[in-house]
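Going in written order, the chains are labelled A, B, C, D, E and F, and every chain counts its residues from 1.
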Amino acid sequence: MTYHKAKKVVIIAEKMLSEKICRIIDASGARGYTVVPAGGRGAHHKHYTSERASVVDDFATVRIEVVVNNKTTAEEIGNQVVEQCFDKYSGIVYLEDVEVLRPGKFGGK
Amino acid sequence: MDFLADFFIRFLVQFQSPTLGFLIGGMLIAALGSKLKIPNPIYQFVVFMLLMKIGLNGGIEIREANLFAMALPAFFSILIGLAIVRVGIAIFGLLPGVNSADGFATAGLFGAVSASTLAVAIVMLEEEAIAFEAWAPALYPFMDIPALILAIVMANIHMKKEENGGGEVDVNVWGIVKESLRGSALSALLLGLALGLFTNSGSVLESFYEPLFRGFLSILMLIMGMEAYDRIKELRSVAHWYAIYAGFAPLLHGLIAFGLGYIAHLLVGFSPGGVIILSVIASSNSDISGPPTLRAGIPSANPSSYIGASTSVGTPVAIAVAIPLFIALAQIVFDI
Amino acid sequence: MDFLADFFIRFLVQFQSPTLGFLIGGMLIAALGSKLKIPNPIYQFVVFMLLMKIGLNGGIEIREANLFAMALPAFFSILIGLAIVRVGIAIFGLLPGVNSADGFATAGLFGAVSASTLAVAIVMLEEEAIAFEAWAPALYPFMDIPALILAIVMANIHMKKEENGGGEVDVNVWGIVKESLRGSALSALLLGLALGLFTNSGSVLESFYEPLFRGFLSILMLIMGMEAYDRIKELRSVAHWYAIYAGFAPLLHGLIAFGLGYIAHLLVGFSPGGVIILSVIASSNSDISGPPTLRAGIPSANPSSYIGASTSVGTPVAIAVAIPLFIALAQIVFDI
Amino acid sequence: MDFLADFFIRFLVQFQSPTLGFLIGGMLIAALGSKLKIPNPIYQFVVFMLLMKIGLNGGIEIREANLFAMALPAFFSILIGLAIVRVGIAIFGLLPGVNSADGFATAGLFGAVSASTLAVAIVMLEEEAIAFEAWAPALYPFMDIPALILAIVMANIHMKKEENGGGEVDVNVWGIVKESLRGSALSALLLGLALGLFTNSGSVLESFYEPLFRGFLSILMLIMGMEAYDRIKELRSVAHWYAIYAGFAPLLHGLIAFGLGYIAHLLVGFSPGGVIILSVIASSNSDISGPPTLRAGIPSANPSSYIGASTSVGTPVAIAVAIPLFIALAQIVFDI
Amino acid sequence: MTYHKAKKVVIIAEKMLSEKICRIIDASGARGYTVVPAGGRGAHHKHYTSERASVVDDFATVRIEVVVNNKTTAEEIGNQVVEQCFDKYSGIVYLEDVEVLRPGKFGGK
Amino acid sequence: MTYHKAKKVVIIAEKMLSEKICRIIDASGARGYTVVPAGGRGAHHKHYTSERASVVDDFATVRIEVVVNNKTTAEEIGNQVVEQCFDKYSGIVYLEDVEVLRPGKFGGK
C-alpha cells in the first residue's frame, strides 16, 4: 500500500458553532470529519472541559478535524470558517500535512 | 420599627435553610481550593429532574385551574421582562467604561429567568407552607422570552446604527423565540407541563420526581455555589459596574414585580404565594438557557462580563437575599 | 363486535400511561428541535438500574418457584427466537432492493429482545395488577441468544456461498453466546438474578432499586423517544421495506408467542401474565446488546438499516402498540 | 472452642449481606469479561452522596455530642496511622526485591483510610443494630492525614539520603495536609459535617441522602469489585510481597486499633460500635484521595504496586474479612 | 535537548475495534498510544460523541494516536489496521511527521 | 487569506500535571491551549479514558495542544515540560509543523 499526501484542517471553536462548521465542511466536498469535546484557554476566556459541571455547557469547545486530499479544499475550509465564524466568536484554525492510504476516501471538490 | 425587626428575624431564620447552606458551602469549598466536583452529566440530569418535576406538578394541577386568572399575571410578566431590559440598558448607557454590547447582554440576562432560583423559591414556599397557583411557575417563559428578544433586538439596532448610521435591521425574532423554547431548561419545563396535563403522571411524579426534588436541589445549589466562586476571577477582569448592577438589580426587579403582583392580587385575586413567585422570577437572572441565546444573538458581547455578573453576584443575591426578602415582605404585607 | 369495542377502550386507556407519554414526548421534543439531552452516563446508569431491579426481583422470587414449570416456556422461547429469524430472512429474501446482509441483520435484531420494552411490560402489568411468574423476565436470554446466533450463522453461510460457491463456514457460535451474555444488558440482568438468589438483597431492592424503577423507566422512555425521531433520517436513507417490516413484525411475532404461550398455559399452567411477557419479549427487538453483536457478526450489514428500523419503528410499535394489545388480548382470552 | 464456632457462624452469616454480594459480584462479572460498566460520572456522584450522607449525619448528631469524649479516640487514631506506616515501612525494608519508594507509598496507603470501607462498616453496624458515636466516622482524617504525611516525609528523607548522602530535606507538610483536606472524599465529608452542624439539614438528609445510601453503596461495591479484578493484572507485574502484605495488613492494623479502642472503652467509655469503626478505619486503605496524594508526594513510586495491592487485595480483605471479623469480635468481647 | 524526527499514526475507528487496533499497535513494537473518545461523520453514517445518550454506545468512534521513531513502523501499523479492520468497518488512518525529544521512548521494531 | 508557518506542541501527561503544564505554557508567551481528556498506554501502565469508572481519576491522562508562531517558543515549551514534569511522571511531548491564518493570535516571546 502506498501513502499519498493530503491535508488536515483542525478547527477549535465554541461548541455552539459546531453545526455551522460542519455545514461548511460538508459543503466543501470533504467526505467526513471527527469531533472531540475539548476545553482550553484562549485570548478571551477559559473554557472548561466537558467533564466538570459547567453551568453554561454551550461555551465548552470542540476540536474538529477534517482530512481532505488537496490543499485547496483545506485552505478553503479554513478561510470559510474564519470568515463566517471567527470574526465574532473565539476559535483557531490550522492546517497540517498528512499522508493517507486510499486517497479516494478523502474527496475535495 | 416592628416591621423591620420582624423582617430581620424572618430573614435570618432562612439562612439556616439547607438550600442556602449548600449554596454557601459550595462557595466556601471552592474558595478553599477543594477538588470536589460534581460531574457535568450529573448537573445536566439534576436540572432536568427539577424542571420536569416543576412541570409535571404544574401540568397536573393546572387541569383544575381557572386559566383566565393567569391572563393578568402573564401579561404583567411580559411587562416586567421588557421593563427590566429597558431600565438595565438605560443604566448601563449612563455608566462610564461599559462596552455597550456587554450592557445590552447583561440587561437581557437579568430580564430573563433562572430555573434554579425558581426551584429554590418553590421549596422555600413549601417549607413555609405558603400556597401558590399551580400555574405560577409557568409564568417563567412569559418573562424570559420577551426580555431576551428585546435585549437582542435593541443591541442589533444599536450596532447597525454605529456601523452604518442606521438603516434596516433585521433580527429574526421568531428565531429567538424558537431557540428559547428549545433550550434544555424550557424544553424540560414545557414537556413536564404537557405530560402532567395529558397523561396520568401522578404516580411517577409522587414516586420519583417529587421525593428527589429537594435532594437534587441541594446538589444544584452546591454546583451554583462553586461556579459563583470560580467566576469571580472572570468578573474581576471586567468593569466593576457589572458586579454593582448584579448586586442591587435582583432586589429592584423583584420589587417592581411585587408591586405589579400586588395589583394582580387586588384585581384578580392573585395569591400571596403567586406574588412571591412572580417577584422571584423577576429578581432571578438566567443561568442555563439565557447565556447561549445571548451569545448567539449579541456575539460582540463578552460572555465574561454578563456570565460573571450573573453567576457570581446576581444568582447568589437572588437566592440568598431576594427569596427570603420577598417571602418576609409578603408575610407582612398579606399578613400570612 | 363487543370484543373489538372492549379492546379499543382498553387500548386507548393505556395511552394515558405516563410511560407511553414519555416515549411520545421524547419523539415530540426531538421533532421540535429541542436541545434537551439526557447525558450518556445517565442513560447507561438508567439501563443498569432497570435490569438490576428486574434481576434482583426475579432472583429473590425464584427461590420459591418451581423451576420445572419454566422448562416449556423456555423451550418455546428458543423456538420463537429461531422462528422469527427464519421467517424474517425469508421475507427479506423476497423483497426487491434489500441488501441480503442487511436483511439477515434486521431479522436477527427482531428475533433478539429489548430490555427496555420488557421493563415497560413489567410496569404495565403491575399497573393492571396482572400477576406473572417471577422467572418470566428470565426467558429473555432464551429467545435473544438463539436468534442472534441463527442470524449470524445464516448470514455467514450465505456470504461464503456468494464468495466462493460454498464450502466450509466456521462461525464461532460459543463466541456469540459469550458476547451476548457479556453485553451490558444481559450482564446486569444475570448479576441481579444471582444476587437475588444468593444474598439477602431484599432490603436494598425495596429501599433503592424498586422505588426508582418507574421513574428511571420514564427517563429511558424519553431517551428512546428522542432516539426514535433522530434515527428516522437514517431510516429514510435506506429501502422502505425495513420500515414496513418493523411496523408489522412486532405484532406478528407477539401473536406467534401468544399462541405458544397459550399452549403452555393449557399444558403446564403458564400464567396469563407470563403469556403477556412472552409475547412482549417476542414482539420486542434488541436495542442495547443486539446491535454490537450483529455489527461484529455481520460486518457487511449497514447499521443504518437495522438500527433505524428497530429504534425508529420497531421499538415504538412494540411499546405503544404491542404491549397494550397483548394485555387487552390476554384480558379477553383469559377473562382477567 | 465455643468462641471460634460462634465467631465463624457470625462471620459466615455476613457473607449473605448484599453489600458483600455486590463486591463479589463485581469481581465475578469482571472475571467473566462482562462489558457492563458504571460510568465515571456516576461513580464520582455515588462517592459524593455516600460521604455527604455520612457527614450530614455526623454533623447533625454531633450537636448533642460531648466532644471531649472524642479527644482520646482522635489521639489514638493519629497514633494508629503513624504506627501503621512505621511498621509497614519496616516490613517492606526487610523484604527482598521491593523498591524502597514503592514500599513507602504502600505503607502510606494502608495507613490512610478508605471512605468506601467506612461506608460499608456503617451499613453493617446499622444492620446489626450496633450503636456508635455520631462523631466516630469523623475520626477518618485523624488517621488518614498523619499517615500520608509520615509516609511522604520518610520517603523524601530516604531519597535525599540515597542521592547526596543526607542533608536538608524539605517536605511541604502543610501542603500535604491541605491537599488531603481538599481531596474530593474528605471535602465532601467535611462539607457534610459543617452543613449538618450549622443548617437545618435534617429533612434533606432524611428525604434524600439517607434513603439512597444503601443503594448507592451497592453500586460502589460493584465498581470496587470490578476494579479489584481489573487491577490484578497490574499487581502481577510487580513483586508478590505487595499482595501478601495487602492480605494480612488489614487484619493486623484492625487488631491494633481494636486494642487501643478497647482501652478507650475502659478509660472514656468509647462505645463498642465506635471501637469497630476505629478498627475498620485502621484496617482500610485509601482508595480515593490517598493515591493522588502519594503520587504527588512520592513520584518515584510505581502506582501499579501500591494501587494494585490496595484495590485488588487490601480493600476486598478489609470489606469482606475485616469488617465481619471486628463485628464478630466486638460482639463477643463486649457481649453485645 | 535536541528534537528528533519521528512519525505519528492517527487512527479514527469505531469503538468496538479499539481492542483489535491496540493489539496491532502493541505488536508493532510501539511503546504506547493515546486514545480519545470522538464523534464524527464519515462515508457511512454519523457517529455521536460520547456525551449524548446514544442507545448504541459501541458505535461511537475513538481517535487513537501512536508516535513511533521510524517511518517503517508507522506505515506498517497503518497497513495492518487498514487490512485487518477497515475492509469491513468504518475508519481512517493517516501519518504525520513529528519531532520528539528522547526518541528512545518511541521504539519501533 | 494567506497561511503562515507555525509550530504545534502536543503534550500527553497525567491529569494531575495539567495545571503545572498550563503554567509553563502561559509563561512561554503562548496565547492559548486546548485540552482533551484521554486514555492510553505507555511505558509504565495503562490509563483508562475518563468514560469508565476508575477509582483513581487523577491518573487519567490529558492531551494538551498549543500552537505558537515560532519554533523557539515551541521547543522551549517542550524542553520545560520534559525537564520539570517528565523526569518523575509519565508523558510524552512532540512538535509538528502547522500553517495558520492570522499569526498574530499565536504569540510567542
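Here is the rule we use: a residue touches a chain if its C-beta (ideal position, glycine included) is under 8 Å from a C-beta of that chain, and two chains touch if they have at least 3 such contacts.
Keep in mind that what you see is a predicted model, and the values were worked out from it rather than measured.
Within the contact network of the assembly, the step distance from subunit C to subunit F comes to 2.
Note: centroid distance subunit A to subunit F, computed from Cα atoms, is 19 Å. Per-chain Cα centroids separate subunit C from subunit E by 35 Å.
Spacing of subunit B relative to subunit E, judged by their CA centroids, is 46 angstrom. The set of subunit D residues touching two or more other chains comprises 37-42, 44, 211-212.
Residue positions of subunit E touching 2 or more other chains: 36-37, 50-51, 96-97. Contact between chains, per the stated criterion, is found for A-B, A-E, A-F, B-C, B-D, C-D, C-E, D-F, E-F. Partner subunit B is touched in their complex by these residues of subunit A: 14, 16, 44-46, 50-59, 88-89. Touching subunit C in their complex are the following residues of subunit D: 16-18, 20-22, 25, 28-29, 32-42, 211-212, 214-216, 218. Residue ranges of subunit F in contact with subunit E, taken from their complex: 10, 12, 36-43, 49, 51, 61, 63, 75, 78-79, 82, 92-97.
Interface of subunit B with subunit A (complex): residues 37-40, 42-44, 223-224, 226-227, 234, 287-288, 291-292, 295-296, 299-300, 302-304, 307, 311. By the touch criterion given at the top, residues 1, 3, 6, 8, 22, 31-37, 50, 67, 96-102, 105-106 of subunit F touch subunit A in their complex.
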